[in-house]
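Next up, some structures in structure tokens.
The same chain A turns up in both complexes below, where it pairs with chain B and then with chain C.
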Partner chain A sequence: MLLDLHTHSVASDDSRATVEQYIKWVNVLRRKGKSIDGFVLTEHRQFDHDKNYASLASDDGIIILKGAELDTDTGHFLVYGISEEITGELDFSDVNMSAQNLVDICDSYGGIAIPAHPGRAGIGFAEYLDGGVTGFETVKSVEQLNGSNRPGEGEKAESLIKAKGYLGTGGSDAHIVSAIGTCMTSFEKEIKNESDLVQELRRGRFTAVRLES
Partner chain B sequence: MTTDEGIVYDRSLLGVETHIGTFELTREMILSFAKSTGETNPRYVGNNNGDGDIVAPPTICNVFVSGVSRPDIKLEFGEISFFAGQSIECKAEIRPGDVLSASTKLDNVYAKTGRSGKMVFAVWETKFRNQDDTTVALVTESFVRRNKNR
Partner chain C sequence: MKKNLYFEDVEIGDDIGPIKRSVTDEDVIEFISVREKKITPSRFTSKEVANSEGLPEAIVPGPMNIALMAQVLTDWSDTVCLLKIDVVFRQTVPHNKGLTFSGIVTDKDETGGSTKLGCDVVMENSDEVKLVIGTGVISLPNKP
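Up next is the complex of A and B:
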């Protein structure tokens, strides 16, 4: 099962793509013979418990799940399985939040936090580890493939993964419609909801893949 | 909206409307703007002779927000400022002879981190009302401040 784990819609301040447009583009990709089963909306610094995309996606059989991309003191983190407890404990809008605390809170309340685009300067996990940041023993995965990476950023992520033995996810980091699905995560098991997603990420039964050309 | 205790600016300006000008729309101004943007729709440029009933293209209020003087929010961050985008919400038609009154307010100041490090955004919302006090357009503009690359 192929899911794009990193996308942004108009709810993020730097995207102009609507969820409806993403659905249309996924269908375009499918008509071209590409495989993509769904995507996770990871809006910047926010999470809306009330948003429900089930009705939008059901007609097309596209899975649409919700997560978030948060700014932290150790770079950007993708968060999945966000519960009321997690949003109650953390201020998602805090651009200086402690990444270690974020990871710990997610571990405690059924979520999971994964460093996004770890090879990116300034907002990537690798730079902070290189700078001497320690901890994060429960982090087992990082975003290996990011569709918005610039030259060198993917290589730095690969080096980190090799050095630390991390598993790798994939996501497009789409901010425009046509970028969705360029990088994805292939799961062994079917994912129906956020709970399934967290479970499979924790079990490590996935690999990062690029959209086949 | 984001929170960041480190952002220092004049928070008393948040939500406070400031009048920034009154603008009378002449037919010539509308035609000139429409032609400058390559518009060919008779709704905006009239018939072949430039005659007939016209309305202003939806983005015409952009002309009036460009270069206006806004209150200084006294933001204590960053060394580089630049324009970060604009959206225009059209609420009602603007016609020749309309007199538009514009007021602006600081809508939001927030921070985020990107490839170039921390950035602070100031968002201004400018409301245009016509002579009947009908709101005809809302223009939202963002300006960003960040540090120089080290």
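Up next is the complex of A and C:
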């Protein structure tokens, strides 16, 4: 099962794509013979419990799940399985929140936090580890493939994965319609909801993939 | 480049462009001089001023970048009518460096006789780093 784990809709201030447009584009990709089963909306610094894309998703057989991309003191993190407890414990708008606390809170309340684009300068996990940051023993995965990576960022992520023995996810980091699905995560098991997603990420039964050409 | 596209010729997923070009120092001065008769050194025209503001080199003004992004759509066909363009600046755009502008048709609105097309537009540097991204809405005429 192929899911794009990193996408932004117009709810994020730097995106120009609506969820409906993403759905339309996924169908375009499918008509062109590409495989993509769904995507996770990871809006910047926010999470809306009330938004529900289930009806949109079921109409087209596309899985649409919700997560978030949060700014922390150790770079950006993708968060999945966000519960009322997690949003109650953390201020998602805090651009300097403690990443270690984020990881611990997610571990405690059924979520998971994964470093996004870890090779990126300034906002990538690798740079902080290189700078001597320690801890994060429960982090087992990082975003290996990011569709918006700049030269060298992918290589830095690969080096980190090799050095630490991490697993790697994939996501497009789409901010416009046609970018969705360029990088994805291939899961062994079917994912129907956020709970399944967290479970499979924790079990490590996935690989990062690029959209086949 | 096709010069007379009609709405019926276009499908979602069709590529627009690409256009490859650079923006010279003279291009920027010409653009700014449309509004300012006397060009004063700024981050847009002077490397020294840009350096003093923490930029590595002089940069292309935002409105000029928007114009360049729009141009990839209007150059696609003589029949294009640009209705809207909305961009996000992801990185500064330097002078005198190779740039690639490209687009793709992402939506085709055929409701109520509409001939509107939604498009993504991207400006990349020679390393394929996206400097500016955006969306546009254009219309094309129906075939006579």
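One rule holds in what follows: the second predicted complex is superposed on the first by the 213 of 213 C-alpha atoms of A that agree within 3 Å, B and C clash if a C-alpha of one lies under 4 Å from a C-alpha of the other, contacts with A are read in each partner's own complex, and residues count from 1 in each chain.
Heads up, the rule we're going with is that a residue touches a chain if its C-beta (ideal position, glycine included) is under 8 Å from a C-beta of that chain, and two chains touch if they have at least 3 such contacts.
For clarity, every value in this text was computed on a predicted model and none was experimentally measured.
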item	value
Contacts of A:76 with chain B and chain C, given as first, second, both or neither	first
Chain B versus chain C as contact partner of A:24, first or second or both or neither	second
Chain B versus chain C as contact partner of A:175, first or second or both or neither	second
Chain B versus chain C as contact partner of A:163, first or second or both or neither	neither
Touching partner for A:94 - first (chain B), second (chain C), both, neither	first
Touched partner set for A:32, first chain B, second chain C, both or neither	second
Residues on chain A engaged by chain B in the complex (per definition of touch)	13, 44-45, 71, 76, 91, 93-96, 120-123
Touching residues on chain B, where the partner in the complex is chain A	1-6, 110-118, 121
Residue ranges of chain C in contact with chain A within the complex	12-13, 86, 88, 90, 104, 106-107, 118, 120, 122, 127, 129-130, 133-135
Residue numbers on chain A that touch chain C, as the complex places them	14-17, 21, 24-25, 28, 32, 148, 150-151, 175-179
